[in-house]
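In what follows, a structure is listed as structure tokens, so that the remarks can point back to it.
Labels run A, B, C and D following the written order; every chain starts at residue 1.
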Amino acid sequence: MEITLPILILAIPVCMFLLLGIGGVYMPRKVAGVLGILGMGTTMTLAYIVAFTYFFSGNPEFIIDGVRQQFQVFDVTWLAFTERLVVNLGFILDPISAMMLIVITTISFMVHLYSWGYMEHEPGFQRYYAFLSLFSFSMLGLVVATNIFQMYIFWELVGVSSYLLIGFFYKLPSAVSASKKAFIVTRFADLGFLIGILLLSFYTDTFNFISMTSNPEAVLSSTGGATFMGASVLTWAMVLIYVGGMGKSAMMPLHIWLPDAMEGPTPVSALIHAATMVVAGVYLVARMFPVYCVVDDSLTFVTVVGAITAFYAAVVACAQIDIKRVLAFSTISQIAFMMVSLGCAYDQPVEGVHYSGLGYMAGMFHLFTHAMFKALLFLGAGALIHAVHSNDYTKMGGLRKYMPITHWTFLIGCLAIAGIWPFAGFFSKDEMLAAMFSRHWFWGAWMTMVAGLTAFYMFRLYYLIFWWEENPDYKHHKPHDAPWQMSLPLIILAAVSCVAGFIPFGEFVTWNGEPYHIHIELPVAATSLIVAICAIGLATVMYRQRNEWPTRVKNMCPGLWMAAHRRFYWDEIYMFITHKIIFGGICTAIAWFDRHVIDGMMNAFAWVTQKVSYSIRGMQSGQVQAYVVWYFLGAALLAAVTWICLL
Amino acid sequence: MDLSILWYLVPSVIMTACGVYGFITRKNLIAMLVSLELILNSADLNFVIFNRFLFPGSMEGMVFTLFAVALAAAETAIAIAIIINIYRSVGDSDIHKVNKMKF
Amino acid sequence: MFENILIWFVVIPVIMMIGLGLCRNSGMKAIRAVMVVGSTALLALSVVLCCDFLRLRGMGVDDEMLFTGSWLWYAPLNIHLAVGVDGISVLMLLLSSVIVFAGTFASWKINPLPKNFFLWYCLLSTGVYGFFISIDIFTMFMFYEVALIPMYLLIGVWGTGRKEYSAMKLTLMLMGGSAFLMLGLLGIYWHSAPEGGVPTWNILEIAHNSAIDPSWQNLLFCCTFVGFGVLGAMFPFHTWSPDGHACAPTAVSMLHAGVLMKLGGYGCFRIAIYLLPAAANELAWIFIILTGISIVYGAFSACVQTDLKYINAYSSVSHCGMVLFAILMLNTTAMTGAILQMLSHGLMTALFFALIGMIYGRTHTRDIRQMGGLMKIMPYLGVCYMIAGFASLGLPGLSGFVAEMTIFFGSFQNSDLFHRVFVITATCSIVITAVYILRVVGKLLLGPVQDKHHLELTDATWFERLATVTLIVCIAGIGCFPNWINETIQHSFVPIINAIQGAI
Amino acid sequence: MDFIQSTDYSQFVSMLPELIVLGIFVIVLLADLFAGDTKKSFLTPMTAVLFLLGTVAIWIVPASGESIFGGMYVNDTMTNAVKAILNIGAFIVILQSAKWVDREDVVIRKAEFFELMLVTLFGMYLMVSARHFLLFIIGLETASLPLAAMVAFEKRHYESHEAAIKYILTAVFSSAILMVGLSFVYAFSTGSLYFDDLARVIQSGEMSGLLIAAIAFVIAGIGFKLSLVPFHLWTADVYQGAPTAVTSYLSVVSKGAAAVTFFVIFTTCFGGVYSDCWEWMMYAVIIATITIGNLFAIRQKNMKRFMAFSSISQAGYIMLGAMAADGRGLASMIFYIFVYIVSNLGAFAVISTIESSTGKLSMDDYNGLHKTNPWLSFTMTLAMFSLAGIPPFAGFFSKILIFTSVTGTGSMALYMLVLIALINTIISLYYYLLVVKAIWISPEEPKIGAFRSDNWSRLALWICVAGIVFFGIVPFIYQYCVDSVSASAGMLGLLN
């Protein structure tokens, strides 16, 4: 395939960023918006063309007797550390990158469109579109990375664009601190990523994904069985790399930045913190999947972290008041789902498991569907906030007759995430659970429970927003549906969420490129469906209209509720560590030490010199006779000492 | 009886010591000058002695002494002149009164 | 003599000084004219040199030094005025020219005594250029000191705050360093020749003779490395840097942090390591510990400062520590990273100090607690400051990232535990850097406006924009297309690495 | 008897420099006598011009290179070079004293001032050329006694008298000690006080307490003129009290002559016991000199006293050349002296100009000087930088060259000595910068109004500035020192 289109896919957003970033100040906001949308639209179409060529052209570059190939469109040298260790910038086409191209460009375009309505009256409209383009560029660069270093580069770039977008309302201190928090936490994770890359590249002498994943055993052997603190070096490397993923994908304990990130504009949350950037971690694991498989411990680590996070986030989501926070935690939990399902995948046939790579496929599938319906939910939430001017469900309630479009689309989103047939979530979740059961019954059961919780809190949210009871102040200002630029994306995404489940995903995306025919695992599907429906029923009972149940439940175990509401005090712990220990303890101490000890030493020299010079002034007494005494003694001493020394 | 060199050297050493001691202890400028002369003379004495006892063949020590005496005279002259100046301006020839400049 | 292009790097500033001497003290126009013409000429000259150099290298001329020239100066002691450049010096000259150029515009409205200011400024740049072009350690040292002393007056007269104290401290500490340096150089000179040969000051000859016996090398290495390390702000000899930078006027901070501190790193590998390789192999660990400390130490101290200049001074300690740290790793990649870090740190710190100067010129405070929301008031400066910040915390696409990554990957080549531990420690600095940079950005540029009087302030003027844009373009240029620089540097390190390998 | 017969009075011809100085002396004397007691305004220009001509003559007329009076007196290129350099110093002093000697209470004695100065110069010439202790002593006294009169020149100032008495007493004492020392030396000799004969006698290995005492006393005696610690204590008071012109003369010219003489004596006649004995004495003395001088200079406020201590520590640096004790060392020492002359006289020229115009001498009076007298401030700054050894000014080169020559001997001890000296340069830099700070940085309003200094001192200032700026950059002066030394290396049996 020739190089033009891929180049353009990356070039258009970055040019748009420069154009809007530098020239934006001088152009009216409408122009800027239109430019941004058009740019993203073109990128989307190009991405579609590329992806479809990849999947359907049947070109031997892409598919050889039914097995999809990894194909590097281009791969140019950027920086040569040594002769062998060279950083390239390139564009890889393989099932997951093609799939991600579609996801990213679609959601990004939707958000561009939506923002035109949503951000209409905000100052810095042009800047906003510039940042969106920057983000799209970085994210696309990340998914098409041909080597892990390129991924790291764009990893940092998405981090900074997320920083910029979270802090878009930079006059609000909360937004500023949230953006700072997001950047620093992910940066901390990236440190792990970096060290992981250092280790890996030191042994394998390459950054390139294909050469690493094509024969992972070589990677293992290249480390020469080196171990550090009991674990093999490769395990360390992969775990550290995964730490980077944990940061971006908000796995525990590095999840704390994501809820705060909701300070950003809602479309941004939909784009970055629901659909695309936060799944970068999943994408990373998927990229390196074969290498993870050769060191099983790291894969187990992935699974465990995912499982804990999924449950934790789901529980916390049940006790949030801010609707965006609820969605944020549900995002965390869903990403954890994908992680677990990746962790449960095998890369070689296992007896008793009819398809070993199922977890991988399912995880990617869920990534795809989740992107769609979670973006839908966020955009819906955006519409609500747009109407009510508050993130808080206590300010809402009974909105269904005021905002029908929002209501229906939101409902579809909820059903999808709850995993109700025939919505998208059902299929992907079913596959994932099947994969988990095939690894170990425990994972399956555990995650089924989480799925139940998911259904519960989503419908709690849904009912509290659209039913419960009408908020009295609708009298003086009546909420209404959003303008078309905002409704259109909602409808499109809702439609996608309805049908996406029927895509034969396994035909396109599997860990080794061989197609796989999805079929419903009836027992698994049945259980998960039943659990979900029960959860929804419970939610209906509790929250359909105003009643005493919620308070009663809350009072049953107030401590638990409070803890869940305060997210089990993770932020407080972090606050303590960073401010009290690092700032208050280390930094202040070091600064003091520098000023008073090190600098004091230097001043002490000067001081001592001054003192000495003052104390010996008596020598110059102004008395000739004293002078002569010094003179004579000096001469005599000189003679005497020399005499003693020499004779 | 013939006197060994020591008989001559000891007095000169004593002269030196006295000179130094006197210079350090006396208050009066003139007295200090006198003690200086003592040291100078002891040096001259040394020269003469060494010449006489060690190198009877040559005359350098003697010549040196002659010059040294002359120099001593010149020094004394200038010193006296300055002492007079001091006496004029201070009204006293006490060395302890001339230590305005110090440290 | 004047047919050699390198000489002009010293001649032009001298001409500028003469020209300034002819200006009247109040003739601001004439003074500016001289400075602009001169600094532009220097910039052009270094660009020409750079292109010419690359052309020659492209033609396959691979002498160690190009454009060499040597003129006997003090015959009895075999002192020459010997010049010559390799890729590194060329880049350093380019850096210096860029910063001198930017500094000229950053100090457009300097007062009082603009004439004297620029006189000393030119003397300073003479020293810097001379240092980078000379390959005779005597003249090198001479230019080194030429570059040091004007700092005293530049800070003392035109500075702010406790300027007298800081100027004196800076001068004395740097001179203290150069005392040890001098001793080391004398030792190198007298031992430079093989038995019975004529001792020489010429770097290439000394390296070629490699006659210094190891017992002496250790002593001399410590002397020279400490001597240059003081200027490289190596822990614990760095305390001149915060005070000095905090009190210096804008252009001087720029030139000092941007170029002068690089003299330290440059000297460290050009003299200490290249001429004393055996000792370098043997004693590197001591200084690895010290520099490793200063990386983390500087970063941590920067976290709690409230004065903008102190923050950048401490971050300079951290970044320059990174330079020396990488040099001591004694392999091509890491040392290349060190040079990249020098360039990048030079540019971005210059940018930082320029911006701080501009902000200070408007708000008349450098205390971040008294400022806030400046992004709203002066968006241009705010954006530039953010770019500088991102460069400093190593954002891809800007120079800092390239430098740091090269350093990390290079340092990681040394596979023993000692090195590993310190490399990991060094990598931690990327997080701490992010912390203090974002802290400053958040307090200074974002958030609500703290002081209502700031609302009347204006954004950058044309010359300020010119100064900043020049630097930003260079930063982004290195950040986006690092490889040609990378290759140039790597090629220049070949002889040095060979010397080190040969001495093991 | 045969001495008389063999005496050949044509020998005097090869004492050309001395003859020239004496000639000028006589001319000035006669002019003074027969000119009647007008203001004698022609005296200064006449002396200056004659002196300049004499200097040029000394410089261009090649040295006879022969030793006369049976080797008592040597006139070779080295001594010629030194004399010429001393002449330049004296010339600058004449220029900068021009205004002072026309003050109404001095003017009647201005001829005497010049005469005394010429006499002392004559004495120094003898010192430098002497190869026999008798001639050396005569030269020393001729050089130091008239200085007492010059110090006392300010009749109306009490300080002048105090300075004079302190000077004369200590001078006589030290010369007495010196003579005692020489008498010991004589005891060693084979009855002759020729340096060469002594050198043959005094060989390493055969050390005795007497010899050590002798060497110590000689060091003390010459150290007095060089104001080495602990023989320096007169320096500060005398420099402070004496007329500024005399102070500057004392601080450079007599020091220079003494330094070279010291080198000659200790390398020729005591050369044999260099490493056994006096190397270590001088080691201690030099460290003490540099350090103590610096430590005292830090606190000084009176500029002349300040310069006194700075010159003490400078003397320590000069004597480093003697530690090298070889041709390179001597050459570097002479070069250092030359550079030191222009730098120090540059500083003193500024001080005396300011003093004679405003009578201000305290460092605090210099605050903000640059506002009123930019050129004087500029000169002072250059002089301070040069004294502190800052490139590209001459002082840097003299310092580095002398360090280089000292380390050239390759002994570790001398490396350490150089390190100590280098560290001391930091302290010295500190107090030199204090002056610069007062001039440029202190915010107060200037206490010294703008004034226009007379042309003589202008000329002096210009010469000094030119010297400070160019002596380092143009290498041929050092080359000249090296050549002259190496040409006359035979005359003085240099070590290694």
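The rule we apply is simple: a residue touches a chain if its C-beta (ideal position, glycine included) is under 8 Å from a C-beta of that chain, and two chains touch if they have at least 3 such contacts.
Only a predicted model underlies this, so the values are computations on that prediction, with no experimental measurement involved.
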Innermost chain, taking as reference the mean of every protein Cα atom displayed: C
Count the touching C-beta pairs: is A-B or B-D ahead? B-D
Please compute the C-alpha centroid of subunit A, do the same for subunit B, then give the distance between them in whole Å. 97
Centre to centre, by mean C-alpha position, how many angstrom separate subunit B and subunit D? 27
Whole-Å separation of chain centres (CA-atom averages), subunit C against subunit D: 42
Where subunit B and subunit C are represented by their mean Cα positions, the distance between them in whole Å: 65
Contacts with two or more other chains, residues of subunit C listed in rising order: 172
Pull out every residue in subunit D that's touching 2 or more other chains. 165-166, 169, 173, 177, 236-237, 299
Check: subunit B positions touching at least 2 other chains come out as 23, 32, 98-103
One finds touching chains in the pairs A-B, A-C, A-D, B-D, C-D
Would you mind writing out the residues of subunit D in touch with subunit C in their complex? 328, 331, 385, 390-392, 396-397, 400-401, 403-404, 407-408, 410, 415, 418-419, 422-423, 425-426, 429-430, 433, 436-437, 440-441, 475, 478-479, 482
Of subunit D, residues touching subunit B in the complex: 133-134, 137-138, 141, 145, 148-149, 152, 155, 158-159, 161-166, 168-169, 171-173, 175-177, 179-180, 182-184, 186-187, 189-193, 236-237, 240-241, 299, 305
Across the complex, what residues on subunit C touch subunit D? 73-77, 79, 138, 141-143, 145-146, 149, 152-153, 156-157, 163-164, 167-168, 171-172, 175-176, 179-180, 182-183, 186-187, 189-190
Which subunit A residues qualify as touching subunit C in the complex? 25, 77-82, 85, 149, 153-154, 156-157, 160, 163, 167, 170-171, 173, 176-177, 180, 183-184, 187-188, 190-191, 194-195, 198, 201-202, 582-583, 586-588, 590-591, 594, 598-599, 601-602, 606
Within their complex, state which residues of subunit A touch subunit B. 617, 620-625, 628-629, 632
